Structures are given as C-alpha cells and as structure tokens.
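Chain IDs A, B, C and D follow the sequence of writing; residue 1 opens each chain.
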Amino acid sequence: MRFLLDSGQRAFADALHAMLTAADTPAVIRSWSRGDHARGRALWSRIAEAGVFGLAVPEEYGGAGPHPVELAVAFVELGRHAVPGPLAETVGAAVLLGDPPLAERFLPALASGERPATVAAPGGYALDGDAVSLCLSPAPEGLYLSTVTPGPVRRSLDPARRLARSAPGGELLAREAPYDRALTWIRLATAAQALGVGLALLDRTVTHVRRRTQFGVPIGSFQAVKHRLADAKTALEFARPLLFGAATTLRPAEVAAAKLTACEAAYRTARTALHLHGAIGYTAEYDLSLWLTKARALRSAWGAPEECRDLVLTDGLQETDGQPEADAW
Amino acid sequence: MRFLLDSGQRAFADALHAMLTAADTPAVIRSWSRGDHARGRALWSRIAEAGVFGLAVPEEYGGAGPHPVELAVAFVELGRHAVPGPLAETVGAAVLLGDPPLAERFLPALASGERPATVAAPGGYALDGDAVSLCLSPAPEGLYLSTVTPGPVRRSLDPARRLARSAPGGELLAREAPYDRALTWIRLATAAQALGVGLALLDRTVTHVRRRTQFGVPIGSFQAVKHRLADAKTALEFARPLLFGAATTLRPAEVAAAKLTACEAAYRTARTALHLHGAIGYTAEYDLSLWLTKARALRSAWGAPEECRDLVLTDGLQETDGQPEADAW
Amino acid sequence: MDLTHSPADEEFRGQARAWLDAHVPRTPLPSLETEEGFAAHRAWEAELAADRWSVVSWPERYGGRDAGLLRWLVFEEEYWAAGAPGRVGQNGIGLLAPTLFAYGTEEQRARVLPPMATGEVVWAQAWSEPEAGSDLAALGSRAVRTDGGWRLRGHKTWSSRAAFADRAFGLFRSDPETERPHQGLTYLMFDLRAPGVTVRPIGRLDGRPAFAELFLDDVFVPDEDVIGEPGQGWRIAMSTTADERGLTLRSPGRFLASAARLRHLWRAQGSPGHARDRVADALIAARAYQLFTYAAASRVLDGARLGPESSMNKVFWSELDLALHETALDLLGAEGERADGAWAEGYVFSLAGPIYAGTNEIQRDIVAERLLGLPKGRR
Amino acid sequence: MDLTHSPADEEFRGQARAWLDAHVPRTPLPSLETEEGFAAHRAWEAELAADRWSVVSWPERYGGRDAGLLRWLVFEEEYWAAGAPGRVGQNGIGLLAPTLFAYGTEEQRARVLPPMATGEVVWAQAWSEPEAGSDLAALGSRAVRTDGGWRLRGHKTWSSRAAFADRAFGLFRSDPETERPHQGLTYLMFDLRAPGVTVRPIGRLDGRPAFAELFLDDVFVPDEDVIGEPGQGWRIAMSTTADERGLTLRSPGRFLASAARLRHLWRAQGSPGHARDRVADALIAARAYQLFTYAAASRVLDGARLGPESSMNKVFWSELDLALHETALDLLGAEGERADGAWAEGYVFSLAGPIYAGTNEIQRDIVAERLLGLPKGRR
C-alpha cells in the first residue's frame, strides 16, 4: 500500500506540463476549432514523442504499456492545457486494436503519433473524424474501419470538438473486439482530462479573483467567493484519488465512478469559474472559454452521469463489498 | 385576478398570531410531548373558538366553511407557533365526515373544538391517537371509527408528535369516504403549517445572528451567513404563493406542489437555523428545537416528496397546459 | 385571493392567441445573435407592430394597446407558449422605454418610442465598463459639456445587442468633481453610427456576437438626448434597473413555456427516472414564479412599489432558467453537446443569468440586508 | 500507486475480522447517550481491551498493538463493516491520547492511558464556553495558581460525553494579562467528580444527554495533570485539533459501512428510482474518502504533516454523513419520522457534523486562505 505518485511519475507530469505550457495551446486550440489541424498535429507528435500514447500500447508494438496510472498522469496534463483532438479516443483505439494481427498493422503508427485515431461512439459522433485517417466504428457485427461522412462537421458547445459522423460499413477489421475494455480506458482518460480541465479552471479563477477589484477590494476577499472556490477545490481533490484508484484497479465500476466524479467536479468548477469571472468569462475570445466549454462536453462524452451511476450500483466499488446484517439496522 | 390576502384575512392572521404568542406555546408543546394534554386541549379550544376548524366545516354543521384560503392563513400561524396536536388530521376528519348522516353526528363537536380528531395514515400511524377519542381509519372496505392500540406511543423525531397505531376494525362509519379530497385538505393544511414553521425558524435565526458575536462582530455580518439566510428567505417566499394558489384552486397537483415546496423550504431553513445557531440549536432544551424537529417530521407526513412530484408530473399544474410543438425544438 | 382573469382579459388572451397562431413562424428564426438572425428578428418586430402586438403595455399613441400589468402578463404567457421568437427590441422596450415614461420629455417619447415599437430602431445598453461591473458607481466614461450638447469619451463593454443595433443608452460621468461616485452621472442616448463610435463585437461562449465593446472618441450628443437632469443619472438608472430586476425582466410566461417543453422532452425520451425530480421541480418552480409575479402585480395594482424583493426574483428565475436548461442537456445525452439546437442556445443564454443585471451575490446581499435587516458587512 | 495491503496487514485484517465476528453483539447496544447504553458501551470497551483491540495503534505497553497508520485504517474498516458499537472512549483515544503522546510526560502516559484503553476511565472534552464557540481564543474560564497545582473557575459547555464520563480535559486561561487572546492558556485534565464540579447534562435534539455544561467552582488540579508547559495550551490544543480534523476523527471505514447499509436499505425498499442517484453518490463519496485518506496516510508515512487539507476532509465527511442519513430517512418514508431506529440516531448525530470541530464555514475559510492563497477578508 502506497497510494502516491512516485517521483518518476511526478517528473513525467512536470515535463509534460512544461512542454505544453511552451506550446501555447490556446492558439493551437483556436486553429483546430477552425478546422486547421496543422498546429494540432504538430503538438500531437510531440505528445506522442513524450510517450503518452505508448502508455496504452504494449512494448512489442512500439509502446511501453499498458500503464494506466501514467496514462492518467499524462491526461491530467493534457486536460490542464485543454489540448484538442481525439486523445481519449486514440487510447480507446489502441485497446480495440490490441490483439494481433491488427496490433501489428496499426499500433506502431498509433504509438508514434503518426496516426491519430478516433472511435465512433455507437449511434453517436466520431470526434474529430475529419482530422484523422483512422476511424474505428464498433458495431454488433464487429469492428469496422470507417470513413467519415462527407459534409460539414457538427458544432459542439466546445468549439475544439468537431463532431463528425462515420459512414456505415467500411472494412470489417475483426468480428470481435474488446469494446468494454476499450470503453474503460477511454473513460479513464476522459476522467483524467476532466480533472485537468477542472484544475486549470480553478487556478485561473484564483488568479483572477486575487487581481480583480470591485468595491475597493479584491473580489477574492469576499467570503461568498472564497467559499465557492473552496468547494471547487474540495470537489477536485476528492476526485483525484478516485481517478488514481481507478487507474490502479481498472475495475469498470471504479472507472465509471472516477469519470462521473471528475466530470462533475470539473463542470461545477466551470460554473464557478464563469460566475466569478463575470462577463469576461462568458466570451469566446477570452481563453478561459476553451476550458469552460470542454468541461461541459466531457460530462456527456463516453458515459453520461446516469450510465456511470448504473455501473456503480450494479457492480459495486469494493472487491470486498461487505454486506452488513440487515436486522442490525 | 387579485392574488393577495384581503384585510379581513390579514386581520385574522394577526389575531391568531397575537393569541398564540400570548399562549406561550413552547410550554404547551413540552407538556404535550410528555403525554400531558391538558394545556394543549385548552389551547385547542381557543383555536376552535377563533374559528379555525370551522373553516373546514359547512355552516349547517356549526362551521363557516369551506374556506381553504382562510384555513391556509390559519395554519401558517399554527405552524409559526409550532402548535402541537392532530391539527391537519382534524381538518382531514372534517372532510371525511362531511356528508350526512356522519356530518350531523360528528362535525359540530369537531368545529367547536370539543372533539379533536385524528386520521390514521393507511398503513401508518395515527398522530396523537392517544390524545383524541375520534380516530378515523380509511380502509379499502370503508371508513372506520377506530380505537388506538394500547401500549406506549412511538417517539417521533419531533417529540410533540406522538405516533400511535389504530387497532384494526372498529365501527364501519361509511362504505365510501372522500379520502382523496380529505388528503388534499390535509396536505394543504400541512403545507401551510410547514411554511409557518419555516418562517418562525427564519425569524429566530435572524434575531440570533444579529446578537451572537464571534471574532468581534455579529455573525450576521459574515457573507456566508447572510447568503444562507437570503436563500432561506427566498425559498419560503416562493413557497408562499404556491400555497395560496393551491388553496385557491384546490387542485390536487397544485396542493401536492405546495406541500412539497413548503416542506422543502421549511426543512432547508431548519438546516440553516440549526447550523447558524451552532451547538445551542442542537439542544432539546432550547426552544428552537421544537420547530427544527417539526420541519423534519412534516416533510414525510401525508405525502413524501416523491409522491408529490408524481402527482405534479401526472396531472400537471396548469389547467391550460399548453403543449408546445415538438418540432420547433 | 382570486386567480381568475377578468372576461375582458380573457378576451384579450384569445385575441393574442389567435394572432400568434396565425403569425408565429413554423420553424424557428436563425439565432438572434447573428446578422441574418438579427434582421429576421427585426422583421418579426415589424410584423408584431403592424398589428400592435409589439408593445402591448404602452399607450396607443406610441403603438401599444394600453394593456395593464395583468394583461401584459397574459400576453407574455401566450407569447412564449406559442413558441414565438425572442425579442430583439427587449433592451429598449424593457429598460429605456420605462425610463422615458418616467423621466423623458414628451418630445423624446414621441421621437424615440414609435420606431422602437416597430423594430426600426433597435437599442443597445451601454452600462458596464471594464473596471465597473458589479460596482457600477465606479464608471469613468466622460460626458463633457459643449455647445448644444455633450461630447462622450470612454470605453463601454458588455453592451448587449450592440453588434447589430442602431442606438444605445447609458450613464456617463459629466461631473468628475463630486464627493461620492454616485453623483455627477448623466443618462443619455447616442447613435451607434455617429462619428467617433467604434463598435467591436464580442463573441459569447458559443462564438456569437451577443454583445460588443464601444470605444467613444469625442462623440457628440445633442441636449435633446439627455434623459432627466444632467448629474441625476444614477437615480434615474437605479429606478430602471429596479424594474430590470423586478417584474419586467423575465416574464413568467417564458419559464412556463420552457418547463412545458422540458416535460415534453422528458416524455419523448421515455420519461427516464434520473431526470424525474428535476423535471417536476422545474414545473413547480415555473408555477411558483408565475404566482409570485401575480402576487407582486396585485400589490403594484394596489399602489405598492416593488422594492428589494426584486432581488429574490432575480436569484430565483436565473437559477430556475439554468437548472431547466441543464436538465434538458442531460436528457439529450451525448446530443446535448451539440451547439446548434434550441436547448443549447437557451443553455448558453441561461449561463449569463446569474451574472448580469446584478450578480446573484449582490442580490443575496440585498435580500439579507434590506429584507432581513442583517448588518452590512464588508462584502 | 499500490492499493494492495501487505500480507502482514491482511493477516491482521483477518484476525480483526475473526475476533469481531465472534464478539460483536448480535443486536445493537442501547444508545450510547443513555445511562444504560453508556454502561453497555463501557463494558464493550473492556471486552475490546481484553484482547487488545481497543487501541490498536498504541504501543503495546499501554494496551495497544503498535499498529501503524495503514493497519489502523484496516482495523477501522473491519470494525465498522462488522456493525460494531460506537466508541464511548473516542474523546480520550482520539484527542487526549495523541496530545499525551506528543506533549505528556512518561508518568502521565503510564497513569492515564491504560485505564483509558479499558474504558475504566472515560474522558469528556471541555473546550467550548458560552461565548467561545468557533472563536475558541475567546475562552474565559480561569486556572489560578495555587500550592502544588491550579484552581479552576468558570463555565464550560457542549462537553460531549460529560453526562456520564469520569474525567475531562480542556483549556483554561492561566494568565489573563497577555497581549493576544491565544496566549496564557493552559491545557489540563480534571476529575468530573472532584469537589466544585457541577455537571448539568444537556439533551441534544432527540432529548438524549449527549453533552453537558460544566460549572467549575474552585476545582483543584494538581500540577501532575497539566499537559505541557503552562501558558502553552493553545499551541498544544491546535496540534490536537489538527488531528481532530484530519485522519483520526472519522475513519473511512465508518462511511464505507454506512454507504453499504444505505445500498442495502435501498434494495430492500425495491430500489426506488428517486433515491438512485443519491445512493450511488454516497457509495462513490465513501470510496473517494477512503482513497483520499489512503493518499494522506501515504504522505504521512513519507514524513509529511497534514496541514490545512484536513479542512477539506472535515467538510467532505460531514456533508457525506448528512447526505447519507437524509437519504436513508427519505427511503424510510413515513417511518423515517421515528426517533428510535439506528438510522434516526445516526441522522441526529450527523446533523452536528457541520457544526463541531470547527464549523464548515471556518474550514472553507481555511481552504480558501491557506490552500488557495486568497486574501484574508473580514470573515
């Protein structure tokens, strides 16, 4: 029992954070939102070089994985910088394609960042399907390699998320694919990303309320402001151990609980951030909006709150889920 | 359209408030809680003399009713003073016994206050059944005049509410009784009582936080304290029009909405009152407790939140419930 | 206690409903916050005005129907229940017009109101400045006296509708030497296309230019466009914003219609249990808001003035609006992420509710201090 | 990241579970807050102590098992999962004992700890005074120097357990002349049956005497019962209350067991949809609290000290506890009104959570100021 990141994991987070800070992600996000993917692809390569996608890919296919804890560490940083693109989906693709012979065919390019991938949610959208050449569609008959339906992508409330549709059919890659396991990894990555988004929103808002003056004092000295931020901090800090617990056990119910909790905490923090920034926070041109809108979008991606709660109630969260005597109560 | 109490109704409220203030209800409540009903019965007579129970009894049987708006006015005051006893249940009994020949036999004594009554909730308790001689039990076969099961009454979280059980059977008074209508009146009275409880809790707490000093200032000057009380005030003031709207229309869904909303507002106010009083509020000997515990008990009496919401969703709240075009959205 | 409308008001309701049935566009107009949508909404105002439905509560001579408060509430119920478009003239009709009725001259009313009623002139508000948001008394934009009028200099922001509107109204500091910051402000109207005005549209969260920054560089305003006495702007504006927070900012009809739509959506999705409580609570809250408003209107008709209770109102409707739209997006599941649905547009709009027209924190302070009598702390 | 307990800790878990299986009373003991129940709980402490399960984290020489932090967490999980009784010795074990380990003398430890471990001496806390609740530095009860000791005068209140306990510990003002109110306080222990002590039990909301007022009229306390240096009481107490807010006040095992019971109740009621979200959220929050605690324990084992993050802890568990019990009462419907069930007793207890050990407002101020670095406002 040692439930802490080790120094290597912390150093990995710090390195990613430094790299992403230098990359000026807001500018990258804005061009990605306009459908100009060049800068995003370049950033993608650097993230891959740092080994992020390889964490979901076994060594024999060019990765270093599977390392779910390190993956969660990395995705917190990706969320903190609001990196655009089908990040969690690429992780999901690595799991879907994890068995030979597909693994040999696809994984090396996926781990190296050469080939970002997306996964079409059953009945839903293929995130950023217009930006990738590898679009997987899980279907009852098996796993398809799809093309994206031509036509304009749908606008998301998060302008950096481009909602495409995959065309039905395509190349049938496998009759059976580990969709449930892939979903667990996608949710884990999404939870981590949401936590990072929430942490960034909190940081920016704390900075804002210390600077912004109204009625002659920083608004951060008003108790109502302080308490909202204290609640946001508490929600995020209790989501964090759920995330790393889920990364450690990879049990689907734990991952669902982490996904729900991190997304709720991030969304509540977004509401607080918006409110405490006032009108400026409500504008698209202020960078805060890039995180605000992502917090909302992640909440319903890959498992709405209700779905996550169902899994918790059905499967339970503890392996040793002691059932107390009913008659004692 | 004139959605306001008129001067007569306001004067009625003021008169009841003055009478109940003079009656020192906390002492009455405490003896009632100990099973000593003498002072409570005396107060009951004065409430009847003021015409409260007669508001649910037609003129030909010694009442002045039915007057649901005035009844709501009166029950707000009864709640504000936390008057003990089967108040709403007596109103329900008046409705259950409203048709001849039962009306002639029972209603005059009920309106005059000579005979308080209780109603056993189907499958549940007969509130203060040990204190009354008229215990009605609605059952599938009809309406019974029951006796109360001997043995100690159950303790409620509200010590002034004594939970008795009616014995099965008894005299079958009628094969059919207007139970649904009676329930509507009981809920209306309960909603009004809850609103009064909430208003009293708010008043007492405002007084407390203006007086209580910590860190050198009245705690009522802390923004966190102010905002909790502002929220309580707002919740209560939006419950009020629902209550009087329900009294005006007597539609079951409106009454259910008022019951739910007034009870939720009172309970939230109780939580705030307890919290802002700190430890003193948590003691049985401090009078605040008489209101705090009642707010909790009324919440589940005669229709838990879920039941009330069901009625709202099924029956709707507006007679002209315009269904918008689906395709416009 | 009487919740029945008079036969005359019910007849009025029937007329409004019939007109709306015949005229409300079958498919929603494009978003008000786009150039195309703005034009379409302006045309809709003209259509309303042609049959005197755009400003029912105004005197007939300005294009209204002399409708009293209750009749206005009835109209609003019908308007929103019919799914009619948002009102592009709202800023002028809801904020400037009441100010003109209270403080304007007859000449101003005759000149300004009729083109406002038809949508020919759409008004933007110009209150906030970068350093004066909640703390409106900190305004720094100047109005300097000149021959026959004033010259404006300064920087306004969060000017809603200004991206496409024609004229604007706001407060300017005409006397910088006063003892208290609330003094020396003047309320005036100006042309957004006058020389010296630069309008820079600002996109809200979904990118649509719902407001703008205004840079004012020596903009001439003739004396006839000053409302009330120079230097009295704060008092005049406060009576306007009291209205803004009170009855006329958000009519109950709007939330009744939204709650009914939410129930419709919920049923269409198979009445899922996870949203059951929230749908019921939205229906109840909309009804509570309607009844609260009827009670307030009854008091106003009795001669009372709406005071700080308007602050409860503001907190209540803004939280209801947000909860209602959040529930709708949850019901839409993964589709809730899409930016192009009516619920999404309403959601983005509702996010601003707790912020503008006085943040909900300011409102709670007012409720605590002025309704409950709690000591004024340092906020 | 490793969530696996060592084989030795798992063996310890097995021993604890086996012992608890064999010893936990099949029917709940009477309420701890009654004379009869207090005696029954005291006997239970003796039963625990007989097999050295009452204070597992203490050194063996005082009756413990030298269990480290992780092993203590394991014990607590098993203890509460087994449905074992509440701990009547909690005040002494959780608050006084850590203070004695940090600041007491060897003589004090040898004298005080063993009878605490067996329940022979049950301790009450004597912190609050009528005018010093959240603002503990305002304490006014005096300790006056006398031959070989001190004489106490004053009035303490909200002394939990004091209705039936044997001894008490608290802070007294030994030097009234200091510059700041935090100075000049002395930490000492006294006998609740000593001459001059009057204990007046106070009933909590359900009438049960869960705490008492203490009137102290010239109560003699020998020097040997002063903890640490006279005048240093504030510093000593703060390190104790930091523990109180932190890991040891509410162990995760308690909430894990309560959440599992809640799920059980929910299922027994037919899994009603209206409580579904709240039951799931309680299960998740209990797990989050467990993992948060394991992370904190891991940091402590690495040599870190728990600082203001304990304030997040306090807010989190107190809100979880209340939400969990409110949900249970809602699931019980009309039966939820009854005062005599285990859920009702737990509910009344949970209501105090946001108030004691530093109100949640104070905790939020600490989180905002010390974790987020926001400016200290006037509270």
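To be clear about the criterion, contacts are C-beta pairs under 8 Å (C-beta built on N, C-alpha and C of every residue); 3 or more make two chains touch, one makes a residue touch a chain.
Bear in mind that the values here come from a model prediction, so they are computed numbers and not experimental data.
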{"item": "Interface with more contacting C-beta pairs, comparing B-C to B-D", "value": "B-C"}
{"item": "Reference chain B; chain at largest CA-centroid distance", "value": "A"}
{"item": "Where chain A and chain D are represented by their mean Cα positions, the distance between them in whole Å", "value": "39"}
{"item": "Approximate Å spacing (C-alpha centroids) for the pair chain B, chain D", "value": "38"}
{"item": "Inter-centroid spacing, chain B versus chain A (mean Cα positions, whole Å)", "value": "50"}
{"item": "Where chain A touches two or more other chains, by residue", "value": "217, 222-225, 227, 305, 309"}
{"item": "Junction residues of chain D - those touching two or more other chains", "value": "274, 276-277, 361, 364, 377-379"}
{"item": "List of chain C residues in touch with chain A within their complex", "value": "128, 131, 133-135, 138, 157-158, 202-207, 211, 272, 274, 329-330, 333-340, 344, 347-348, 351-352, 354-356, 359-361, 364, 378-379"}
{"item": "In the complex with chain D, residue positions of chain C that touch it", "value": "273-274, 276-277, 377-378"}
{"item": "Residue numbers on chain D that touch chain A, as the complex places them", "value": "1-6, 9, 26-28, 70, 81, 83, 256-257, 260-261, 263-265, 268, 276-277, 279-281, 283-285, 287-289, 291-292, 294-295, 297-299, 301-302, 309, 312, 315-316, 341-343, 361, 363-365, 367-369, 371-377, 379"}
{"item": "Contacting residues of chain B [partner chain D, same complex]", "value": "121, 124-125, 154-159, 161, 163, 213-215, 217, 221-222, 224-225, 274-275, 278-279, 282-285, 289, 292-293, 296-297, 300-301, 304-306, 309"}
{"item": "Residue numbers on chain B that touch chain C, as the complex places them", "value": "1-6, 9, 69, 202, 206, 209-210, 217-218, 220-223, 225-227, 229-231, 233-234, 237-242, 244-245, 247-249, 254, 257, 260-261, 305, 309-310, 312-313, 316-318, 321-326, 328-329"}
